[in-house]
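Order of writing sets the labels: A, B, C and D. Residues in every chain begin at 1.
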Amino acid sequence: MSLMERDPNAPSVWRGEMQVTNRYTFGIAGERFFRSIKNEGRILGTHCKSCDRMYVPAAAFCERCLSQLDEWVDVGIVGEVVTFTHLYVNFDGSRRQEPETIVFIKMGDGGIIHRLILNDNEHVSIGMQAQAVFKPPAEREGSILDISHFELLLN
Amino acid sequence: MSDKISNYPGTSLSEKDIRDGKVLSIHDEMPGGFAWDTGIAIGRYLAGLREGMILGSTCVHCRKTVVPPRTVCEWCFRPMDDFVPLQDTGTVNTYSLCYVTWDVKRIKEPETPAVIDLDGASPLHGILHKLGDVDPQQIAIGMRVQAVWKPENEREGAITDILYFKPIEE
Amino acid sequence: MSMRKVAVIGAGMTKFVRRAQETGKELSWQATHMALESCELTMDDIEAVCLGTAPDAFDGVHMNGEYLSDGAGAWRKPYMRSYVGGGTGVFVPIQGWYHVASGMFDLVLVVAEEKMSSYFPHAQGAFLTIFDHTTERPLKPNLLWIFALEMNRYMQTYGISKEDIAQVAVKNKRNAADHPSALLGDADITVEDVLNSEVLAWPVNRLDVSPVSDGAVALVLAAEHVAKRLTDKPVWIEGVGWNLDTAYWTNRDLAYPRYVEYAARMAYDMAGIKEPRKQINIVEPYDPFDYKELHHLEGLLLADRGQAPQMVVDGITQRDGDMPVCPSGGLLGVGNPIAAAGLMKVAEIFWQLRGEAGARQVPGQPKRGLAQAWGDLMQVGTVVIMGR
Amino acid sequence: MSDRVAIIGVGWSGYRPITPELSYKELMYEAALRAYNDAGVDPRRDIESFVTVAEDFHEGTSIFDEYTPDQLGAVLKPMHTISGDGLHGLATAFMLVKTGQFSIVAVEGHSKASNILSMPGVVAYAQDPVLNRPLRINTHFIAGMEMNRYLVDSDTTQQQCAQVVVKNKRNALDNPSAPYGAKLTLEDVLSGPPLSWPLGVRETAEHADGAIVLVIASEEKALALSDRPIWILGCGWSNDSPGLENRDWGQAHYVKGAAQLAYRQAGINSPFQAIDFAEVDDLYAYKELQTLEALGIFGHGEAGQVTEEGLTHKDGSLPVNVSGGSLGMGNLLDANGLARALEVVLQLRGNAGSRQLEDVNIGLAQSWRGVPTASGAVAIFGN
């Protein structure tokens, strides 16, 4: 589609970095949600009265009706495995020798996405109960990483 | 304003609020490596720069010579007819004396970006580059300039193979 | 074929601040929630949502439109994000307009959000990557360059002084003193203050530039039959226009924004406006830099080329002048959270035409107003004309 | 409002794993030139508005819309970008024509995925920066978790998902534009390496480069310019919650919402009866099954079984992804939906070469924006 001649010796690619460096605040709801994880080891939700939904992690607003949410509720640290996966790739796409297990644990009408650490001979399945394991208080910074991982709660 | 609005939301923070941890925050950075294919037109443009030559492309139909070169004429949507070597001299179309870096830190000696209309290209067709070898206060629109090239063995096929444009007497 | 009429029936906005604690989602929600309350609607009434936000690098989220969707009220609704760089804020209502004018939807939310402070260490960093990656970025250009280059060309072409241009900054920052959401309102600022502020990139001084900000704005758009049911003060979108010039910005004359003219002509045609200088009562042209307001007034055909500065000098563009320009305080005064700032201008026209602009209300019960934004590499114009 | 809206021209370039000889602009130009030639229009004279779909981080350029007009013939014309899938772009063009203000509009989408050196990092930047991204989990986990829940909820098997791969890669062998065709057995797929169990690497579409341009016209223009316009009978698009914590992990609500809107316009009550063939998202193999159910073409939990029975094969009663789908053509990033719309147009025109279906009158195209989104669109076409 070109009348112009291609130069086989021309540089074929130009390399560069797209610099994207950010600092995020946690927001109005995130501030309180993560402070309570950090300071008290408690997971909080917010309840929407008009939709009767419990948002976990706590949200400032109901995504369904856009009401402001100010009813804060401790939802405990135990929930049901909604789904999980054994992941064979690292964040950067490189292959893992051993998979890591990622879970979504239901709390209220939402829940928490995190890693699940399985003990020897343990197998996870949908519907099992799991509980959050927190880092020691001194190591918590106010982050989703203040929860170290989840572990299965065996009856 | 609308009678119903009594209070405008939005919580203002100072840099100190964040730095001191009064509110929580987190940093991140995207791994943003790219290798953009240069293609027919820009590949040749870079090859030309490596040879110490600025290439444009010409559309016979529109009687236009443009720079940097492209394979299609954006005005008539016909394929460009050919590459054309331009001169490395030109005229300052506009310029600035920039006293701050991109993140708004002061610098003493201003950077001197300019649009330089190149000889051999159609009127008002130029490229972005910098001016050098000149007292910034002496720069003026309409000034005649010429490219100062990197030594041949240091050129890599990049717009930075031209170090800057300097004023010339004619 | 007659076009469906589209009205603006509600508006909301957050404060424009330098650094917001709210996440981008929360800012979007605050503005959206306020817009719905202003016309007493709920999310059940809304049929589709349009979002505008400028580069993803600011919020620091890839596919930022998806990330912001819940805050904009998009849950299980048709939702799209439009994008024309700095022109986005005035483009989103155009996007909302075609959602309704097409007959597809009757009630649509239009939301614009920007959280520039999430780019770290400085929001300007996001602009380093707007230049051509191969032919320009290696020169490490910053955003100020292109404005300075354009301003210089404009001044030189028409022999305009920095003093005259500085009057725009003074007018807008003074106007913004009356805006409850404004970041940089200043009732006492003078031309000397602007001229004596530090030189960033000659001819641009610090007070020639609008401030980096966070904020969000939302509107509710309705089809004619719905608008008439919901309000006795609908503000009609009479004309829209947008236009994109070549990306090769060093291959054209920067002294005149022809893309703004083309966008304006499209909007005037649609609105049936033959004599814009007589028929437009209030103007909110895009003013991220003070010279831009002048540049845009010329592109909008509201001033002759090179003559806009005289309008400012003569006081015509003051809030009580013959053609008030940026009665809101503009980006220079209210702040410049890019997409949100553009939509703020449309919201301002809405409030002005309804007589709800409080201390900023222009006298004489204006009938028709125009909002315009600009963006990309000196390249895109977006125009909305609204009338009572 | 105008009456009907048609596609009167199609053009594409690619699709290939790499396109090192062309810049992204040249790739777009190639597709545009073909589309305009196909439609018999001159973009400078005839096309009144242009739409591109693109995301900044796929391009490595902030405010990428700057670089869209020149190679499409759109300079000094009303042009804008939609940060969405190609079918969002198509829906935008559809609305623009429906306003009555525009009679010919072009839509463009492209992928230069091969130029992105750090794709996992770019994709991960779409995760919530506070709630999820700090965990540093590869974004494919979302597909693995969704597939797991979908299999359980719908009684679908891994074998049935693998069958989608066998079918689509086989179909791709008949599509000269599809670089990832292969003749595989079920065993080949199932024995491949796991990616995010139960999801396997071979059930995941690889990226490809390419560009697609469609020319859309009002009924009046379409009838004047084209002897075989393909009518857009309906389009819809929808979002579910962007929050991973607020989603239904088993079902694709974004597909349901989009389909409802499109069906309503097209007057379709029973999609299985009305639709002759479909091109649906298969960025991950299970997505084809989950999507077919969400589209209401098959009942909940039926798509896997009918796939095994061959109903969605090329010679089945409702062929799905005859093009080869994303598994066969490659993941074209924001252009995925346009590749699907293009295939539907080619089939309805009778221009699909050796993969041409017989007696087809109504086709459906659907797309998803990929992990971590819950966003997608549907379009229905008729000849």
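Note that in this section a residue touches a chain if its C-beta (ideal position, glycine included) is under 8 Å from a C-beta of that chain, and two chains touch if they have at least 3 such contacts.
Treat the numbers as computed from the prediction; the structure is a model and nothing was measured.
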Pair joined by the larger number of C-beta contacts - A-B, B-C: B-C
Between chain A and chain B, centroid-to-centroid distance (C-alpha), Å: 41
Separation of chain B from chain C, taking each centre as the mean of its C-alpha atoms, in whole Å: 26
Chain A and chain C: spacing of chain centres that average the CA atoms, whole Å: 36
Centre-of-Cα separation between chain D and chain C, whole angstrom: 33
Of all residues in chain B, the ones touching two or more other chains: 11, 13, 18, 23, 26-28, 30-38, 40-43, 46, 70-71, 74, 158
Residue numbers of chain D (touch at least two other chains): 20-21, 26, 29, 33, 57, 60-62, 69-70, 75, 115, 118, 121-122, 125, 129-130, 134, 241, 243, 246
Chain A residues counted as touching two or more neighbouring chains: 1-2, 6, 12-14, 16, 18-28, 30-31, 34, 63, 92, 143
Chain contact graph, described as a line, ring, star, complete graph or other shape: complete
Chain C-facing residues of chain A, complex: 14, 16, 18-31, 60-61, 63-66, 68
Touching residues on chain B, where the partner in the complex is chain A: 11, 13, 18, 23-38, 40-44, 46-47, 50, 57, 69, 71, 79-83, 156-158
Partner chain B, residues of chain A touching it in the complex: 1-7, 9-26, 28, 30-31, 34-35, 92, 142-143
Parts of chain B lying in touch with chain D, wherever the complex brings them together: 26, 28, 30-43, 70-72, 74-77
Footprint of chain B on chain D - complex, ascending: 19-26, 29, 33, 36, 42-44, 57, 60, 69-71, 73, 75, 112, 114-118, 121-122, 125, 129-130, 133-134
